[in-house]
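Presented sequentially are two complexes of chain A, the first with chain B as partner and the second with chain C.
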Partner chain A sequence: MRITEHPILKFEKGPLVEFEHDGRKLKGHEGESIAAALHAAGVRVLRHSIKLDRPRGFFCAIGRCSSCLMTVDGVPNVMTCVTALSAGMRIETQTGKGIIPDVHFPTPPTDPDYPRDLGNVPLAIVGAGPAGLSAAIAAGQLGVRSVVIDENPVPGGQLIKQTHMFFGSKEHHARVRGIDIGAILVKEIEDLPVDCLTGTTVLGLYPGRMLALLRNGRLHRLTADSVILATGASENMLAFPNSDLPGVYGAGAVQTLMNVDGVAPGKRVLMIGAGNIGLIVSYQLLQAGVEVAAVVEGLPEFGGYHVHAAKIRRAGVPIMTSHTVLRALGTDRVEGAVISKIDGDWRPIEGTEVELDVDTICLAVGLTPNCELASQFGCDEAYVAELGGRVAIHDASLETTVPGVHIAGDASGIEEASTAMLEGRLAGLSAAAKFLHDREMGELTRLRSEAEEGLRALRAGPFGKHARAGKRKMLALASARGGDS
Partner chain B sequence: MKSRAECVIIGGGVVGTAIAYYLAKAGMTDCVLVEADYLSSGATGRCGGGIRQQWSTEANTQLAIESVREFSSLSEELDADIEFLQGGYLVLAYTDEDVAQFERNVALQQGLGLDVAILTPDEITDRVVPQLNTDGVRMATYCPSDASANPFLTTRAYADAARRLGVEVELFTPVTRVLTKRGRVTGVETSRGTIRAPLVVNVTGSHSVPIAKTAGVDLPITPYRRQILVTEPLERFFDPMIISFSLGVYFRQVRHGSVIGGFGDPDEPAGFNQTSSLEFLTTMSAKLAFLMPRLRSVKIVRQWGGMYDLTPDAQPILGETDGVDGFFQANGFSGHGFMIAPKVAMLVAQVVAGQKPDLDISRLNARRFTEGPVTTDRSVV
Partner chain C sequence: MSHRQDGILERRQLLPLVPSTERSACGPVAIIECVENIPCDPCVEACPKGAIRIEGDMNGTPSVDFDTCDGCGLCVSACPGLAIFVVDMSLDAGAATVSLPYEYTPLPSVGDTVVTLSREGKVLGEGTVKRVLQALALDRTPIVTLSVPADHAMDVRHFLAKDVTA
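For the complex of A and B:
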């Protein structure tokens, strides 16, 4: 199930090593995720659920959903989608809640430097995706030092999974593939006063703008004069019978599996959702040599760009609007799916059911902003449907209700990578303001209006409708709370 | 929302909802419970859920024994599972002072019929918790009928049962003033209007002080933050709540498998503060890993802060208020309100309804603080 030929991507893998899965010897590449190695070896069931003992498999691929918890070297509840494989690992399918090993843990020597203190930085940026990296670049170009923190092993966020070319104008990297944009941003921070801490999870924000970081299994702490939260988004789930079967994946997970790990998610996929993500991932599946049975969309019109729709239609993939998935078939893994037409009230129309022979169902049914850190830090939040869910209330300079804490990218409302880059830039500029001399303010104002103008341009037109409405509501909420907007 | 009622209960924690239930059960169904936020949003929903009978004074031990009796039939009485579990309490002694105190405690507790025993370190690991690190442990007291329950479910069960009997529960309705006239309570003013009532009960933990103040009543309560953390769920591997007064630590494994535990920082400054600190996270994890080394590989999933409403003798303030007739207090629980909630609420309800309570609670009236020195129960974390 490994992808051996790909028109765009080359997969650089670690050496092949042996590991044990439920007593069986398997091989995988050192450094890839355990879940990817198992998937490549044909293993779909990773655990059984606590209450109903249902089989569970790979789902989100970013350490959020707990669907892939397994017992690794005796330790239960290990998130195998974000844990790197190493030689000789003993991996077991977990049933139930997990049992902690009855081994003797030696008392570690007392460490006076615990948690390890990383000192103070002017600007800490959480998330090294398009928004976070752009914020670091904008602040860095003004001479403001920052640390960018990301839990993934490499910077770039979701850009590292995007094989398609971006739209927009030249300064927004139009006609450049997402993966290459990621590389450009990473290259840009190299010459700037920016430290990038990958493989590092921000566990929490504490009073005094102190960040608790988990890095190499150790707790670190870092204080910052300003913080930018560019934490991105999580995928939405769709409830239907058997939607928890191994083989039902989030679209982001499918991208991770095939475009980062080089593992095909299955042989024949049903895509749910014909927004841009559903259309783009369908095309990426075709690029990876995977068949797409159909793209179903509940709305009467698909939501994505026509260019993307045209590409998959040319390849013979039907886009079925006013359709939904009724149920997944199978016992231990997806062995099929039943779809049906729906009426104007989203009710299935009897007699229109069709059974599809697929082994994978990919959900591209929207994203929800990741608001946990903002919430934990006491930023006021509001539910704004047009922005995708609960979002920290922020003003025009993307500052939240907690002074010195900014937000940018999908975390501030679901849009796409181009707007995330500009929002990141704007947040970086806003956060940099307090470190600049008065004589630099003119330049700062110019750069800010440039970014704001860019955002206006990107949000113009019918595809920016939700973002415009959402951001308008957000500004009203912020000014009601005495923001400077 | 009603504009008139026989009784208004301020506070939707476990004690407030329980008082509402026992009042309604006794026939006083024309009650309104007002809660500023959601049910169990205050100290109740932030506590560890332990139910201990091992106390150092006779009165407290008696009250605790009666509360366990109530708790044990509560799921049935309220027709809702409150996750009551008699897993016992293991209280660890580390110092000479601990040992001397515990020996006195056990003598007193056994005299009251409590099934408590002294265990040697070997007996602890052989009979109760094999996984415990007993380094430095001199002895422990163990009472297998001590218990735990889920504070959220208990509060909801009381509130639902009270509603079924006709009590109105108004959430997200902060009380702005307790209304009085010529030394008598006349009702409460809330964010959503006034409720006239001849009886008002103040059950709002740390908020009791500003609320009582609006009626000109001063309560000797100081708020202190306490913090707790909880781990990922694991298959059950130990039953009792394990505590140490000298380490200031307590922890247990809840029904669904998480280990929940906290400790009281002796240097915690007074004041209302429900934030979490990194110091707590690191200190508490180190204490847990020391006491139960196998927890070292376990992930912590959350931490939070909550308020103790501490009185000078760490005992609650219960009953009528001198100078304001019809105004009752049930606050100042000092960190152990949940465990005595059923019995205390029942007794307070009896007092509010003008009946003679089953157990005399006059020793816990606020006037004790003006009448002379008070004695502190030492069995407080």
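For the complex of A and C:
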């Protein structure tokens, strides 16, 4: 199930090494995720659930959902979708909670480059996606030093798996592929006063703007005069009978598996959701040589761009609006799916059920902003449906209700990479303001209005309707809070 | 059914995108099947002749000045929507060519016979590969030119490599 030929990507793999899975010898590439190596070897069941002993595979593939926990070298609850494979690993299907072995875990060696206390930086940015990197670039160009922290081994956020050309205008890198936009941003920070700490998770944010970091199994602390939260979003799940079967994957997980690891998620996929993500991932599946049985969408019209729909339609993929998935079939893994037409109240219409022969069901049913850090730090939040869920309340300069803490990108409301880059810029500029001289303020104002104008233009069309409404509500909430204090 | 239900443009939406029979008979021309107000404009930038225009800001829809366009095809691989095709109806009786963006492997070779597909993915007939463009400037969006019967030229939008075993 490894993808050998791809029109856009070349997969650079580590050496082939041997490992053990439930006593069986298997081979995988060193450095790829354990879950990807197992998937390539045909293993989909990674653990059994705690109460009902149901088989589980991975779901998010970005270390968020805990569906992929396995016992590795005797240690239970290892997140295999983000843990790199190495030679000789002993990997076991985990049942229940797992048993913590009665041994002394080796203490990770101290790294002289990363002492426990990393000191103070003017600006700390959480998340190295398009928003976080753009924030670092904007602040860096004004001479403000920053540290960008991301839990992934490489910077770029969602961009590292987006093989398609992006929309927008020249200044938003239109017609450049997402993967290459990521590379452009990473190149730009090289010449600026920006440090990029990859493989590092921000666990919490504490008084005095102290960030607790986890890196290579060790805790570190870092304080910052300003903080930007550019933590992106998580994928939504959809509940239906058997939706926990291995083979029901999030669209982002499918993208990670096929475009980062070069492993096909299956042979024939049912896509749920015809927003841009569902349409684009369907196209990318076709490019990877995977069949797409259909794209089903509950709404009477699909939400994505027609041009994205047209690409898969001409390749013969049906788009079925006013349809939903009723259940997944199979015992240990997805072996089929039943879909049906629905009425205006989302009730299945009897007699319209169709059984599809698929081995994978891909969910592209929306994203929810990651707001845990903002929440934990006491930023006021509000539920704004148009922005995708609970979001830290922020004003026009993207500052939250906690002074010195800004938010940008999908974390401030689900949009696009193009808007994430501009929001990142705006947050970077706003956070940089307090470090600048009075004489630099004119330039700062000019740069800020440029970014604001860009955002306005990107959100101006009919597809920007939700973002416009959401951001309007947000501004009203922020000014109401401002009035209180 | 609207194009927002099944993903297929209706006849009435296609008509304004297509040049007159007289213009078509003069040589290759770009046909842009992009009808929604999306924030996008690289096609405008890509055309060296200035033949593509978007009214207002980038959320407008593109239109081609068919008298200025010479069918050079530079806009085809610049379009992230893969929505631009170049059609040449000026050839000998009954024949035409369609150039389309093709981001799949394997790429066909010149001379191959392929199965032509419509906007709905329905089989239309057969075509012959006339040219495969794959320059660095196309950034992994090769352009494949197919020779097809003239009455298929406005419908062929994709193709399948012909399965020799079938």
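The criterion applied here is as follows: the second predicted complex is superposed on the first by the 470 of 485 C-alpha atoms of A that agree within 3 Å, B and C clash if a C-alpha of one lies under 4 Å from a C-alpha of the other, contacts with A are read in each partner's own complex, and residues count from 1 in each chain.
Throughout what follows, contacts are C-beta pairs under 8 Å (C-beta built on N, C-alpha and C of every residue); 3 or more make two chains touch, one makes a residue touch a chain.
These figures come from a predicted structure and were not determined experimentally.
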item	value
Chain B versus chain C as contact partner of A:437, first or second or both or neither	neither
First, second, both or neither for A:10, with chain B first and chain C second	neither
Chain B versus chain C as contact partner of A:204, first or second or both or neither	first
Touching partner for A:446 - first (chain B), second (chain C), both, neither	neither
Which superposed partner A:25 touches (first chain B, second chain C, both, neither)	neither
Touching partner for A:98 - first (chain B), second (chain C), both, neither	first
If touched residues of chain A are counted for chain B and for chain C, the larger one	C
Chain B versus chain C as contact partner of A:187, first or second or both or neither	neither
In the complex with chain A, residue positions of chain C that touch it	2-9, 33-42, 45-46, 57-59, 78-83, 103-106, 117-121, 139-141, 157-158
Chain B - residues contacting chain A, complex	131, 232-235, 237, 256-257, 275-278, 281-282, 289-290, 293-299, 303
Sites on chain A touched by chain B in the complex	50, 75-77, 96-105, 107, 114-115, 204, 206-207, 210, 212, 219, 221, 376, 378
Contact footprint of chain C on chain A as seen in their complex	5-8, 164-170, 174-177, 286-287, 289, 300-302, 305-317, 319, 321, 418, 457-464
